[in-house]
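Got some structures for you, see below.
What follows is a pair of complexes built around chain A, which joins chain B in one and chain C in the other.
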Partner chain A sequence: MIVRPRLADFKIIGLYCGKIIIGVGLLMVVPLVVSVLFGEWNPAIDFLLGIAVCLVFGLFTEVFCQTTRDLSWSHGLVVAGFSWILATAVGAIPHWLSGHFGSYLDAMFDIMSGYTTTGLYLLQDLDHISNGLNMWRHLLTYAGGQGIIVIALTFLIRGTAGAYKIYVGEGKDERLLPNVIQTARAIWLISLTYLVVGSAALWAVGMNIGQSPFRALFHAVWVFMGSWSTGGFAPQSYNILYYHSLAYEIICAVVFIVGSFNFALHWAVWTGKKSEIRKNIEIISFFITMTVAMLITTAGLAKLGVYPDIASSFRKIFFQVSSAHTTTGFGTIYSRTFVVQWGPLAMLGITLAMAIGASACSTAGGFKGIRMGLIFKSMLQSIRRLISPESAYVVKKWHHITSRVLDDAAVHSAMLIVIFYILTYAVGAIIGVFYGYEPVQALFDSVSAGSNTGLSCGVTSPAMPALLKIVYIVEMWAGRLEFMSLFALGGYIIALFRGR
Partner chain B sequence: MAQPRKNLKIALMLCLPLFFASLILRAELPGQVIADQEKPDVQPSSSSVPVEVSSMTLVEEAAKWNGRKVIFTGEAVGEGMVRGLKCWIHINDDVYMWKNIEEGAKLGGYNSGQAIWVDAGLAREITFYGNYLHEGDIVKVTGTFNSVCRDHGGDMDIHADTLEIVRIGHRVEHVINYKRAVLALIMLGLAGILFRARSIARRRRI
Partner chain C sequence: MPFKVKLDPFNLKDPRNYRLYLSGIFAEVLTVFLLMGIGLLIVWAIPKLIP
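Moving on to the complex of A and B:
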């Protein structure tokens, strides 16, 4: 029997969603300050209005949804799923008011892309936007990488047993510390430390390659945010090609590769367990699949003879493939270059890298290395069972923070999520093909949206059909939250109509 | 009571596919539009005479134009990044090159342009680079197009021999939107009232 949600259920969902929206409003203070610093008065007013709307919405729900009840699992998942939609709707206000978007849907597309660290965008005339708006784009992706719920947990939600349930709903299930609030703070500690170090390195290189100290600083912070969160937004339309610097590319690559690692791994290394780096299943899986994707892409480009020498060939392939595999979406080539110069085989190599993605409980998207590792080990175990005597008991182990025995439940769960990802990619690709795009291109952009990567071969544009924009928004959302919250929200809606 | 609810459910189930079908049928097919679009009709010159070309042509037909002399005109954006005696500049030849969105131009898609490698001395002639506060200088360069530049790690660029300022840029005047500011202040006032109401609601709950 399906139980229809009661008023008390809506109250608890409303209360926590309200808190998260207040968090989004408070985040807008940063771009507001940047706008005021640069004397960009209209963007400053836009952010002030955005803050006001968030506060009114959040406080209104808090006033009318006061409750002492704690969250259940279904509440936590619904809050996670629904608050991302609400945060996208209100976060789009400054974007829409900037005048750089064709519709509110386009503005919401960019916000969802930012929160989910995807990096696809429909913003028009990026090279003339305000510094405040650029700060908002990058802050979104930085905050989204850690998780907007992690922010709310850190600053707005005091320790409740139910807090862990919203945290899990956002696609993270690692407890770095016994308490979920402490875990959220540990995630922020890691991210802020890297922010200082990474931005300083990019700032130094920026000044060395001819940027003024002031511009170099802002570009460094923004590019760091885009790298660390594996987001892929950049302050100029040329993306990372704008800098024409090997050093800049190397720092970006290091930051986005490190950023794509599991926060639990970071915490283990942080607390002295350095051997975890070489033992961890996700790291091993990442380097194997990265090598495979590199080989496929290299074969495609070598066949067409695109690059004249090995050095430039390796530089371009490594950056694009690692950016795709970590689901960052930074590029040092034009979008259409994938189609007109790289060709279908290299594009499939990049698509494979995007589809697999990086680590769980990180800022990255895709299937995740841990699932690829588990499925691969399970295949090996099956083969060993086949060739072993019937009486033999084949045991396979895997290591992620602790060593564990491979069991059917873990493999089943990993396979289920991978199947959902494949279905998501397929739906986007089929709709793209329906609208007349080439299959390889439709698949490329669909996988990019579903895996929260952000590379595009030209399908994503302000002129694309509205339905395809909606499909990509849903893909980004579903991919980032790893489906659980989506199903919980869907279940709640069904229960509203069919429950008793 | 159960019958009307069941009917409502059936109606909803019928309406949803119809709604999506109508959305799909009404939508244009941009993939076909792309296929039907006119291909760039400029051809590279067989001699060393440079040919005026757009960034779209250079990206779409990169191999054909590789190593050719080209003339490229657009708005200088971002900044000049001086590297020794040379400098990197970026020139956009998109729909915003004469007037950008901040000046009231209509929306016309993404930015597009080319990276230019030019003598630092020539780059210093540029007064304004396009950004939120400025419409950049319109610059015309003549140089060699590289689809995959050997000197610059495989980047697509133009090595410019000459640079000419076609139009000097200017500061963009932004008119402050006071109506929006008043609306923001009213909303903030409302938020203040709700903040007080929340405190009261919390106390009552306790």
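Moving on to the complex of A and C:
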């Protein structure tokens, strides 16, 4: 029997969603300050309106949804899923008011892309937007990378036993420390330390290539936010190609690859367990799949003779493949270069890298290295079982922070999520082909959206059909939350109509 | 009996924590450069294997 949600259930969901929306409103204070600093009064008013809507909504839920009950698992998952939609709707207000978007749907597309650290965008005339709006785009992606729930847990939700349930709903199911609030703080400690180190390095290079100190600083912080959160937003439409600097590209690659590591791995290494890097299943899996993607892409480009020497080949291929594999979406080539120069084989290599993605409990998307590792180990275990005597008991171990025995439940769960990802990629690709795009190109952009990467071969543009925009928004959302919250939300809606 | 004092990684006033953070960052960056080395090897070798 399906139990219909009661008023008390809606109250608790509303209360926590309200807290998260207040968090979004408080985040808007940063771009507001930047707008005021630069004397950009129109964007400042846009952000003030956005903040007002968020605070009114949040205070409304505080008053009307007040409850002393704590969250259950289903509440946590529904809050995680629903709050992302609400945060997208209200976060799009300053975007829409800026006048750089053809429709509110386009503005919501960019906000969802920012929160989910995807990096696809429909914004028009990126090179001439205000500094405040640029700060908002990059802050979105930085905050979304750490998780908007993590922000709320750190600053707004304290001392609740149910907090872990919304944290899990956001696709981060690992506790770095026994306490979930401490876990959220550890995530922020790692991210903010890298923010200081990475931005300083990019700032120095920015000034060295001729940017003024002030401009170099802002670009450094924005590009760092896009890199670390594996987001892919950049302040210029030429993306990282704009800087024409090898040093800038190397720093970006280091930041987004390190940013794609599991936060639990960061914490282990930072607290003295250095050997974790060479033992961890996700790092081993990442090295293997990255090698495979590099092999395919290099073979495709070598066959066509696109680049004349090893230096230029390495510079372009490594950046694009690692950006795809970490689901960052930064590029040092134009979007259409994938189609007109790189060709289908290299595009498939990039698509494969995007589909697999990087580590779980990181800012990255895709299948995740841990799942690939578990499935591969399970295949090896099955082969060993076949060639071993019937009485033999074959045990396979895997290592992630601690050594564990491979069990069927873990493999089953990994395979299930991978199948959902494949289905999501396929739906977007089929709808793309329906609208007349080439299959390889439709698959490329669909995988990019579903894995939260952000590379595009030209399909994603303001002129694309509205239905395809909606499909990509849902892909980005489902891919970021890893389906669980999506199903919980769907279940809740069904229970609303069919429950007793 | 010798004993090891466990650091509180959140204590930003303790300078030993900064050494810990920096050594962590160094280990992670080194891993990325190892990956770049593998990438360079692939880009060097593959064109030689393709006729």
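Here, the second predicted complex is superposed on the first by the 500 of 500 C-alpha atoms of A that agree within 3 Å, B and C clash if a C-alpha of one lies under 4 Å from a C-alpha of the other, contacts with A are read in each partner's own complex, and residues count from 1 in each chain.
Here is the rule we go by: a contact is a pair of C-beta atoms (placed from the backbone, for glycine too) under 8 Å apart; a residue touches a chain by one contact, two chains touch by 3 or more.
This is a predicted model, so every value here is computed, not measured.
Colleague: Should the superposition on chain A be reported as showing a clash between chain B and chain C, or a fit?
Modeller: On the superposed model, which is not a single observed complex, chain B and chain C fit side by side.
Colleague: Looking at the overlay, what does A:L97 touch: chain B (first), chain C (second), both, or neither?
Modeller: A:L97: touches chain B, not chain C.
Colleague: A:L486 in the overlay: touching chain B, chain C, both, or neither? Say first, second, both or neither.
Modeller: neither
Colleague: If you stack the two complexes on chain A, which partner ends up touching A:S313: first (chain B), second (chain C), both, or neither?
Modeller: Both: A:S313 reaches chain B and chain C.
Colleague: So, does A:A184 touch the first partner chain B, the second partner chain C, both, or neither?
Modeller: A:A184 sits against neither chain B nor chain C.
Colleague: Which partner chains sit in contact with A:A364 here, chain B, chain C, both or neither? Use first/second/both/neither.
Modeller: neither
Colleague: Please work out whether A:L59 is in contact with chain B alone, chain C alone, both, or neither, and reply first, second, both or neither.
Modeller: The first partner, chain B, only.
Colleague: Count the residues of chain A touched by chain B and by chain C, then name the partner with the higher count.
Modeller: If we count touched residues of chain A for both partners, the winner is B.
Colleague: Once the two structures are overlaid on A, work out the angle chain B-chain A-chain C from the Cα centres, in steps of 10 degrees.
Modeller: 110
Colleague: What is the contact status of A:N131 with respect to chain B (first) and chain C (second): first, second, both, or neither?
Modeller: After superposition on chain A, A:N131 lies in contact with chain B alone.
Colleague: Taking the superposition as given, tell me the minimum C-alpha spacing from chain B to chain C, whole angstrom.
Modeller: 14
Colleague: Show which residues of chain A both chain B and chain C reach, each in its own complex.
Modeller: Residues 313 of chain A touch both chain B and chain C.
Colleague: Where on chain B does chain A make contact in their complex?
Modeller: So the residues of chain B touching chain A come out as 9, 23-24, 27-35, 59-63, 77-83, 87-88, 90, 92, 94, 96, 100-102, 105, 107-113, 115, 130-133, 147-148, 150, 152-157, 174, 176-177, 180-181, 183-185, 187-188, 190-191, 194-195, 197-198, 201-202, 204-205.
Colleague: Touching residues of chain A toward chain B in the complex: what are they?
Modeller: Listed in rising order, the residues of chain A that touch chain B are 38, 40-42, 45-46, 48-49, 51-53, 55-56, 59-60, 62-63, 66-68, 97, 99-102, 124-131, 209-212, 215, 236-238, 241-244, 246, 306-309, 311-313, 315-316, 332-334, 336-337, 340-341, 432, 434-438, 461-467, 497.
Colleague: In their complex, what parts of chain A are in touch with chain C?
Modeller: Answer in residue numbers: 182, 185-186, 189, 193-194, 197, 253-254, 257-258, 261, 266, 269-272, 274, 277, 283, 287, 290-291, 294-295, 298-299, 302-303, 310, 313-314, 317-318, 321-322.
Colleague: Along chain C, where are the residues that touch chain A in the complex?
Modeller: So the residues of chain C touching chain A come out as 7, 9-10, 20-21, 23-25, 27-29, 31-33, 35-36, 38-40, 42-44, 46-47, 50.
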